[in-house]
């Protein structure tokens, strides 16, 4: 009985999983599978990461990255969800724009950062722009696919009551696509974080996790710093995901109730 | 023939965009934004000025483009195999997903450029390392969407399968997989474009050939038409991949489109 | 009010095409309650969806109040055969019922009140705060009936609306329908498989043949009103009409009977 | 074969909890066909889902062939009330029917043949190659019946299986069920709202009260076999039993009747 | 900077500067020490300038930031500056920052490497931090003196911190490294110096300076001059007092004091010398980095002195 309740805890299980990974990584380093010169030991990294957590300068860097991340993600949602709805419900527009979108989509954001540097004289705006560019795709695509998944009977019901296309969109398509959009936003959150760090890494700046990594490049122990900073970036990702999952669970309990399989 | 013409008609936005681009860049006359004609000339010189018996492809084209495409597909297929199978398993096993969720979220949030040292450590440089980087970078949308799709199968579908005593494997292959397929495809499509991006990133470090390498090379020599030309090639490749993908998807998901259509 | 002329519909094209409606002509006067019966799969739902403008028939015309139905007409409500999928799982039962009322000139309180009233009429006042997926099949069906009735449409289309409830509830709902109809002067088209029911609630019973569906019978029901579950069903005309409808339906089904 | 003792079930907890089953005791012998009737929303589907192991009841025991039901028992088939959602939209009708047969020791051809046979029995041989969403409601329901029958389970649970088909088809399906039952010695639990039907097909009719459901009547139907739609329904015992069941159902529904 | 000098300096800075707020880019390497010294000791403030130094990742991106307007001036290495000029970007070099000294940029090989002289590098892989830049230029000039050309080897781009590992793994056969990684590779891995790449044609080679766009130089001559004076002062200190450099390094890099004390530093030239710059351009022409010669003088602002 007690074993069961322990296994039910997300936190404990997750911690166990992380601990397991840590041990595997440490072992790989100790046995020489991965040469510690080439990639630092897990314990070394953990030590560095712990030290960073108490480093005020690094915390300021994290805050700066998070600011760009949050602003970028918000703008992404504001841009991509309506765009996804427009494209998903207006097949003609979609057909016309598809070639251009499909052309733009695979253009590496990394290659765009130098261009963004030329276009924006404000670093923050530049960061936001590349974040929105890269993070919009998952939201856009998931919104469009979600729209295809809406139960036609539900849509017809509202139509039969004389609601116009916009009302159907708002009252049926949006709620029933929402879980799908949420997955897209969750994907986008990770992409946005990646872009925030990458933009800082490539463009530099006064503060940010990416800037910290550039500075770390000057150290003889650069790899340890870089990996430790990356660990924190990952940790932020885990936290943000936890947050999103909680919100999703609250908002879409109806979705879960109908679909979560019997055990 | 008629279908072909209609498909061609759908591409009308491309010449419009091209003309607009030419006009704007000519007006701006900025070094960093060469007009499309100049880019085209540079592209011709770089890739298509070879001997006729090789379809006019140059050594550079034959050296770099197929190599990169090979890496993209190897990475994508690897990511698809891992992402779909792992996603389905995690989607159906709450216990397992509790253990590995933080690790997955963690991996997802790590900026791929920051991962390069790690993959460099694991695989040395070369195709192996690039394929691993690509696969690692793009597996998340597939994994997440597959997991989501598998988690949210209509409960009654699962109960029906359960009642008829279908084995776990059968349920996975016959019920959960097809039901999750629309979402899996959304993930696959996203990651196909991501694969191009990751290909570029993975070729930025320790590489001696490939499209990403050429981009880097052009950037390093301040060959801006070359940079743009490489970006255009990426866009064209992305468009081609996506069109091929949609074709396959249309076939495999015909039931879905038909079942969910109205009027 | 409703005029259907030579309505045909074919699903799909080529060899897999299915000819569902084979030329339907039907006139329904304002305030009439017409029951439609016919063998399973003959095309009843298809006919209803054409009237609701949810499906563009391949031939013929549907004219409502003088203008052809191109898109969903105003002031219409439908109770779908697939009732469970027509309820919105993200809304409570009360919200499901009051949602269409947003189109009416009602404030939030009025909408809520109208919804509660309709739910009470179908015996579901206790379930207002629940979600559709917390209800039994019959309860879900009643929610969708309540939603349609609360809306007070000029034209009400119901596709086997009482199929999932017990006999007593069914009778109550039949009477409720009759009552609401006369109070609010609705025109109602009701698809049913219960021949007794079609005669009991209908002013007319229209019998369709198997696919491609055509009208093989159009019987006027002249029973003394107000109808009543006990006396009406004992009325000799009722017994006669019901036998007549039964004969028509059966006659049309013989070729397609399940193998014995 | 089936033994249910003091089965209770409550959905949810706290103030929103719903006490659906209030202590059900029921024994079903092998080869028996038991009909369950009761008011809408009383807990019939809940009972059935507990037997199928799809729901873990909050109290009591279900014992099947001597062993308690913990997970879905072997050799069981269910026709769900929400038939349209229980068909798989990505498979053709024939594939839907033959899918469960993969568990049996049958090769592809045999499966196909068994599926076609079952589809023919429900009058759908023409629709084998179609997809479920290309069928009418009644046809979908018949597909899910065909799927259950083709499987030849030892225990068959049916939740309002004939609710969406016309009268003639319904009778045919009733007879089909009786025939299959006696050929293959199935035990069948059938939920229905049609009192006549419950008496016509059942060896026993179990009447449930409104929620929390308890058994308020358990009538043995001793009609001379083989049953026949015309003679059986005219048999005096039939008329008597049906009135009896009707009284029991009605008696239990009075408090929950829709407001008039 | 908040020393007492800062306030004292306010008097001198009044003189009609076009722009007093500057954002400049700098790399977290020893080359830019003078910029930080100037800021810390209030030399900029004395000239009436408020300077914000931002970390950049590399010269190429920094030049784009320059054009885009995020940065007013930036540190860059001269190879990048000439490449950009050849590509049509009009730049002005306003201050010289760094110059090579012996053993400041070495070609390293693993301790047990069979490669004994640069001549053994034929067909081998060499790690550099950036392709087509100062590293490849310097290594190529070493190869030339040993009878090889750039085509005889394969250059691969790796960040400096990864190079040690790559040598160890055998991914590359040699690596072109600078401090502090040079010292770290030698002490941690026992890596061996194969050649000093800053000898012969590259001896006392001009490495890095500060650039602005031509437009900026034309519009803000007084600001540029003030900037030059401040940096010149700092260069003087850096050139004469190694301790000052050792002190400033840990403040803007992740080089700790102990490491700073032992690494080989380059020289900090105190004037902007046209001939030194011309050597870089000429070597680039010789090795084909530039298609046509460039006059270094054209990159110097009119007021340079």
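Worth a mention:
Letters A, B, C, D and E mark the chains as written, and numbering starts fresh at 1 in each.
Going forward, a contact is a pair of C-beta atoms (placed from the backbone, for glycine too) under 8 Å apart; a residue touches a chain by one contact, two chains touch by 3 or more.
Only a predicted model underlies this, so the values are computations on that prediction, with no experimental measurement involved.
Steps from chain A to chain D, minimised over paths through touching chains, total 2.
Looking at chain B and chain E, the chains that touch each of them are A.
The greatest centre-to-centre gap from chain C, using C-alpha centroids, is found for E. One inter-chain figure worth recording: chain A and chain C are separated by 48 Å, centre to centre, where each centre is the mean of the chain's CA atoms. Taking the mean of the C-alpha atoms as each chain's centre, chain C and chain E sit 83 Å apart. For the pair chain A and chain B, the distance between mean C-alpha positions equals 17 Å. A separation of 36 Å divides the Cα centre of chain A from that of chain E.
Counting only residues that touch two or more partner chains, chain A has 35, 38-39, 114-115, 118, 151, 156, 201, 223, 226, 255, 258, 262. Those residues of chain E in touch with two or more other chains are numbered 60, 64, 67, 159, 161-162, 165-166, 169. Shared contact sites, meaning residues of chain B that touch two or more other chains, fall at 32, 117, 120-121, 154, 159, 162, 204, 219, 256, 262.
Against chain D, in their complex, chain B makes its touches with residues 154, 156-157, 159-160, 162-167, 170, 174-175, 178-179, 181, 255-256, 258-259. Within the complex formed with chain C, the chain D residues making contact are 11, 16, 18, 37-45, 81-82, 84-85, 120-123, 129, 134-139, 142, 159-160, 163-170, 172-173, 175-176, 193-195, 246, 249-250, 253, 256-260.
Residue ranges on chain C touching chain A, taken from their complex, read 49, 52-54, 72-78, 80, 82, 85-91, 99-100, 103, 131, 133, 151, 157. Those residues of chain A that touch chain C in the shared complex are 151, 153-154, 156-163, 171-172, 175-176, 178, 252, 254-255, 257-258.
If you check the complex, the residues on chain A that touch chain E are 35, 37-39, 113-115, 117-123, 126, 201-206, 211, 214-223, 225-226.
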